[in-house]
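In what follows, chain A forms one complex with chain B and a second complex with chain C.
Entry: the complex of A and B
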C-alpha cells in the first residue's frame, strides 16, 4: 500500500465529500419532497428536511397513482413487461450466443458484427416500422407490444454477454465430458450451462432493468391507460403537472418505482457493472 | 471435437433464429430507408418515389438545424464533463484512502436511478421560475446569497440543452469513473514505483504515465458516451418535456411521425440518426472484435 501525506489525504477526502454532495443532493431532494406532507403544489422553500414528515403522499399515490388506474395494475404491467422482455431476450438469444461462442460457420464474424451493431443503433430509427407492423397486427397498444419492443432492444446485448459467458467456460472441461461419453447435449446441460448460468442471469437482469425503466418508447405505442407501466405513468404525471398537485406525489411514486431497481443494483453492482462495460476496461 | 453430424444439426437448429434476427432488424432498416425516400404522409401508405427530397428538406429545415446544434452542444458538454469528472473521481479513489468502497458505491449510485426518476429530480432542481416562485437550486443559491449563480437552466437561450447534459453527467460520471478505475488498477504498480524512484511528482506520474496508458479507456469512454448522447431524448423529455428550444432529432422524429403523420420525413430523421451512430461505432466494434479474436 502506498503511503500518502496527511495534508494530501485531507484534501482528497474533502474533494470526495464535495463530489459526494453533488451526487447525493438530488436523491436526498427527492426523499425530502416525497415525505413532506406540507407541500401544496411546488416546494416554495429549500430545506434539507421535510417541514412536516408524512406518509400521506405514499398512501395517496398507492391509492390512485395515475388517472383511474390503480397502483397494482401499474406494478403488474411493469413486472409482466420487464419479466416478459427479459425472458424472451434470453430465450431467443440463447442459441445464438452459444453458436457464436462455440461453432465455426461461414460468415460467423460478419454475423456477430451485425448483431453487435444492432445493440447500439438508435431505437427511434426502428419505431416507424414497428409502429406500422404492430398496427397491422392490432397489438400496438397492448402489453405484448411493449414486451416485444423491449425484448428486441435488449436481445443483442444479451447475446453479446451470453456469448462471453459461454466462451469463459474452459473448452477442456467440455472435451473431458465428451471423452467420458457424454453426448453434446448432455455436455451442454451438465457442464457448460451451470458454469455460464450466473452470467446469463445477469444478462437477463439487465434486460429486466432496461424494460422496467423505459418510458419514452412505451408512449410511442401504448395509448390505453390500462396498459401503462410504472415508469410510463411517472412520465405522464410530469407532463400533466400544472403545479396544482403536491410535488410530494411525484416524489413518492418515483421512490416507490425505484425501490426494486436500486435493490437489484446494490446487490449485483459488481456483476452488472462488469457486463455493462462491454469489455472496455478488461485487464487484457 | 464435436462430431460433424451434431455440428450440422446444431447449425440447422440455430440458423432460423439468426436469420430471423437479421431479417427483422436489417429488414426494418431497409424498409425505413424506403419510406424515407417516399412521399408518405398521412395514414395511408404512399410509396411514391421522392428521391432524396426528405433529406434535402431536412437540412434546410430550421428546426432540424436547431436539432443538430443541440445534439452537438449536448454531446460536447456531456462527454467532456463525464470524462473529466469520472477521471478525477477514479484518481482520487485510487489513492488508497479510507472509505474508498463507500465513495465508489456512492458515485455509482446514480447509475441505478432510472432516467424518468432523474428527470423528476432535476426538473425540480433546475426549476427556472423567478421572483416569488423561485424554486429548486435557484432557491438554494438565493438562500446562500450566491445570487450570481441563479440562472435559467434549460430555458437559457441556445445553451439550454447544456443544463440537461448536467443531469446526464450526474447520472453517468460514476460509470466513467468505473471504466477509469478498472484501467488504473490494470497498470502495473512497478511503473509507478519506477517513476517515483526517478523523482517524478505524483502530478507528473498521472500526466506523463497514467494518462497515456489510459488512452484506450478514454477512447472507449468517448465512444460509449458519445453514442449515448447521439441517441438521447428520454432524459430531455423527462426533465423538460417536448420543447422546441430543447429539440433533438429523436424528438423531432417522434412528433413528426406520430403526431404529424409525416412518415417519410420521420423515417429520414431515423436514418440520419442511424448513420451518425454507425459512423461513430462501427470502427470501434470492428476493433473490439478483432482484438478479441486475436487474444
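Entry: the complex of A and C
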C-alpha cells in the first residue's frame, strides 16, 4: 500500500482532530476546575481557563482531601484494598484455573459455564449478599470485608484469564517434565507457572484497578472515615455530604487519582486489552 | 390421504387461530374500560349510520368527524350500528379531552364486536402464511386491545395485511393469477389508506421488494411501468372509498393535512413528551396491568418481540418481503410524530410472522440440544479416573475458595429473594431470621406469604417466589428514571436499548479511528493513538464525573455557557432541547459511554488489523478490488475474531453499566442501578425506598438470568467468538 495522498491526509487529520477534541473536552473541564484557585464552591461562571491559576488545590488535596482524613491514609486504604483484592483473587483462584486448563473431569463444562457467568455479573450482584453475609459475621465495616468483596467480584474474571494463560503453555512441555518424574505440583511450579506469570500478573492488575476505582460498594461497607479509599472520597465530594468544598479539590483529587492508572494503561495497553477480552486477543 | 381430510388439515389451524383470536378479543371488548377516541369514532359511526339509514348519499361528501383520519373505517363502524335505534349524537368534545365516562352500551357493544371480527380475521389471514404467526398475532395483547375497542386500527390492519398477503401470494404465481393478485393488492392498499393513512406503509414495502425482484431479473423498466400503474390503481381506490375528497380534492387534502398536523402538535402529544423510541417500547411490552387488569388472559408481547428479533435472520432468508414489511413499518413508527400505542398495529402482523420464525428457530435449537444429549453423556463418560485423581488436589482448594466468595453469596441472594427481608426486619435477618424463614418455608412448615411491600413486620417471612411476578412487571413496565415522558416505559427495555446503542456507537467510532490510524503515513499517528487511549485508562468514576461536569444542571459547563451567551446562543439551544425533548436527554449519556468505550474497540480492531497480511491486500488491489471490496472480503473476515469478543465484553459492560448512571443521579436507569439504590440501607436521595433487600435480590436474580441466557446464546450461536468459548 502506498502512502496516503495529501487530501486524504488532510481529511484524516480533520477526523482525528474532531475525535481528539471529543476526548480532550471532558478532561479539560476537570483540569480547568483543578487549577482554579478562585473557586469557593461550585463554578458559577463559564470559563475555558481557570480564573486564577493556582497549585494550591493540589497541595491542599495532598494534605487533607476528605474531611479530616489525610491523603496518605486514603492512599494507603486504596492500596491495601486493591492489592489485597488482587492477591486474594489470584491466590485463591489459580488452583481452579489450572484444574480447568489441564484436566478433564465430570461437570467440567458446567463449571466453566459457572465461572464465565459469574465473571460477567454486575458487581452489585455480589455486593448485596456479601453485605448481608458480612453483617451476620459482624466483619462488615472492616477493611478486610471490603477486600473480600472486591476479591469476590474479581475472582471469576481472574480464574477465566488464568485458565487461558495456563492453556497457552504448550502441553508438551508439561508432559516432558512429567515423564522426567516431576510431580504435578512440581511441573506446575517450575514449568507452567513461570511461563504464565506475565498473563497472571496482568489479570491481577485488572483486579487491582477494579478495586482501586470502586466507590459505590465501598460506601455500603465502610463506616469509619479512617477506612475510606480515594475513589470513595471522590464520590463523597461530588455528593454534597462530602462537605461544601471548592470544586477545585474534586478536580485535583480526580487528576491525582487518575495519573497512576493512566500510566499503567499506557505501558501495558496491549496486555491489558488481551486480558480484558478474556484472552481472545492473544495472537502475538 | 383423502382430499377432504387434507383440506381439513389446512383449514383447521386457521379456524383455530380465528376462534382463539375472536375469543380473546370479545373477552377484552367486554372487560376493557372506555379509552381515548372511542367516543369520537362512535360519534362518527352514528353520523354515517344515520346517512345510511336515510339513504343520504350526498351526506357522505361532507361527513368526516375527526378529519385527520379517512372515512372508510368510520363508515364500517357506522354499518355495525345501523340497526341500532337512533340515539342522540355523542357529545363533541375537544380532541384532548379525557376518555368518555359513559357511552351507550347498545352502540359500544356492536362496534366493539365488529372490531373484534376484524382483528380475528387479520389473525386468520396471517395463519394462511403461517398458522403459528397467526396464533402469535391472536394473543398479542396490544393488538387485542385495539381490535376490541372502537379504534380505526383494526380495520386498517385487516386491509394492510390483505394487501401484503395478496402481494405475497402473487410472488408464487405466474401469468393471469399473478396479475389478478397484484391488482387485488393495489385495491387493498387503497382501502388501507382509506382506513388510516399510516397503514399505507405496506405499499412502500411492496414497492421496495418488487424493485429488488425486478432488479435481480433485469426488468427494472418493466417494473417502473407496472409499479406506476399499480400505484395509480391504489390511489384511485383510495379516492373511490373516500367520498369526502370528491367535492374538492385539493382543498380536502389540504384540510386533512392541517388536521393531521394539528393532531401531531396537540397538547396531549406534546405534553406526553414521548421519546423517539416510544413505539419500540409499545412493541416490546404488553399492555400495562394498570391500564387493564382483566382484559387480557395472557401478556406475552415482550416474549413475542424477543422471538421476532431471533427470527429476523431466518425470516430474511426465507421471506425477504416480510422482513422489509416489518422494517418499513417500524421505521415509520419511529419517525411518525404521533406515538400513541394503537399505531403499532401497523407493524404487529409482520412482527408476528417474524416471531413465529423465531419460535421455530428456538424450538429447533432445543430439539438439537435434546437430541445430542446421549452423545454428550458418552463424551463425559470417557473421562479417565486417573486424570480425575490428578485433578482433585487442584479442584478442591479452588472450589472451596470459589464457592466461598461467589457461589455462596449468589445462593444467599437467591434465598433472600424468597423472603420479605428489608431494613425493617434487619435485626431479625442478621440474627438468623433469613435462615429460619427459608428452612421453615422450604420444609413446608410455614406457607409462602403473600407479598406486602409496605410490610412493617420486624420478622423475616418466607415468600417463596411470590415477589418475582410483581418485581418483574415493575422492571418491565416502569420508567427507567424521570426523564423519558409520560408514556409506558420499561427499565428492561431501556437497559437493552442502552446496551445496543452504546455498543454500536463505541464500535463505530473505534472502527473508524482504527482504520484511519492504520493508513500508511498518517502524521502524528502515535500521538493520536496515545491520546485516544486516555478515556479507557481513566477510572470510570472519574470519567463519569468529567462528563457530569459538562452536563450537570446549573453548574455544568454547558449551563454556564448558556447563561453567559444567552438562551438564543448555540449552548442555549442545546440546554433548551435537553429540557424539552426526552430523546435528546439520552445524548449526554451516550456521549459519555462512547467516550469510555471507543478506545477499547479501537485497540481491538487495531490488534486485528495488524494481522492483515499486506500481500493479500496487494493481491486484492491487483485483482481490481476497490477499497470497499478489499475491506469487505479481506480485512473484515480477518478482524472479526477480535471484534466479536470485544463487542460482547463491551455489551456486557453496558448492560451492567452502573457508575455512569449513579454519577448522573439516575437511580433507576438500569437493573444494576435500581438494585443498588433499592438496597441502599441509608438512602441519600428522596424518592426511592432504600433497604428493600429482598426486592433488590429479585432484581439481581433477574439480571443473572438475563446474563445467563446471553452467555448460553452466545456460546451456541457465535462461531466467530471462539475466543470466549470453552476451548
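Heads up, the rule we're going with is that the second predicted complex is superposed on the first by the 259 of 284 C-alpha atoms of A that agree within 3 Å, B and C clash if a C-alpha of one lies under 4 Å from a C-alpha of the other, contacts with A are read in each partner's own complex, and residues count from 1 in each chain.
Here is the rule we use: a contact is a pair of C-beta atoms (placed from the backbone, for glycine too) under 8 Å apart; a residue touches a chain by one contact, two chains touch by 3 or more.
On a predicted model such as this, the values are computed, not experimentally measured, just so you know.
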item: Partner chain in contact with A:148 - chain B first, chain C second, else both or neither; value: second
item: Partner chain(s) touched by A:238 [first = chain B, second = chain C, both, neither]; value: both
item: Chain B versus chain C as contact partner of A:265, first or second or both or neither; value: both
item: Contacts of A:62 with chain B and chain C, given as first, second, both or neither; value: neither
item: Contacts of A:195 with chain B and chain C, given as first, second, both or neither; value: neither
item: Partner chain in contact with A:136 - chain B first, chain C second, else both or neither; value: second
item: Contacts of A:97 with chain B and chain C, given as first, second, both or neither; value: second
item: Chain B versus chain C as contact partner of A:175, first or second or both or neither; value: first
item: On chain A, positions contacted by chain B and by chain C; value: 1-2, 4, 8-9, 12-13, 15-16, 19-20, 22-27, 29-30, 33, 42-46, 92, 95-96, 98-99, 103, 105, 109, 112-118, 120-131, 152, 155, 184, 212-216, 220, 231, 234-235, 238-239, 250, 254, 257-258, 261-262, 265-266, 269, 273, 276-281, 283-284
item: Contact set on chain A toward chain B in their complex; value: 1-2, 4, 8-9, 12-13, 15-16, 19-20, 22-27, 29-30, 33, 42-46, 92, 95-96, 98-99, 103, 105, 109, 111-118, 120-131, 152, 155, 171, 174-175, 178, 184, 212-217, 220, 231, 234-235, 238-239, 247, 250-251, 254, 257-258, 261-262, 265-266, 269, 273, 276-284
item: Interface residues, chain B side, partner chain A - complex; value: 1-3, 6-7, 10-11, 13-14, 17-18, 21-22, 24-26, 28-29, 31-32, 35, 85, 88-89, 92-93, 95-97, 99, 103, 105-125, 127, 133, 135-136, 139-140, 143, 170, 174-175, 178-180, 182-183, 185-186, 192, 217, 220-221, 224, 227, 230-231, 233-234, 237-238, 241, 250, 253-254, 257-258, 263, 266-267, 270-271, 273-274, 277-278, 281-282, 285-286, 288-289, 291-293, 295
item: Residue numbers on chain A that touch chain C, as the complex places them; value: 1-4, 8-9, 12-13, 15-16, 19-20, 22-27, 29-30, 33, 42-47, 92-99, 102-106, 109, 112-118, 120-133, 135-136, 148, 151-152, 155-156, 159, 167, 184-185, 209, 212-216, 220, 231, 234-235, 238-239, 241, 250, 254, 257-258, 261-262, 264-266, 269-270, 273, 276-281, 283-284
item: Residues of chain C touching chain A in the complex; value: 380, 383-384, 387-388, 390-391, 393-395, 397-399, 401-402, 405-410, 412-413, 416, 421, 429-431, 434, 509, 512-513, 516-517, 519-524, 528, 530-543, 545-550, 555, 557, 560-561, 563-565, 591-592, 595, 600, 603-604, 607, 610-611, 614, 617-618, 621, 641-642, 644-646, 649, 652, 656, 658-659, 662-663, 671-672, 675-676, 679-681, 684, 693, 696-697, 700, 703-704, 707-708, 710-712, 721, 723-724, 726-727
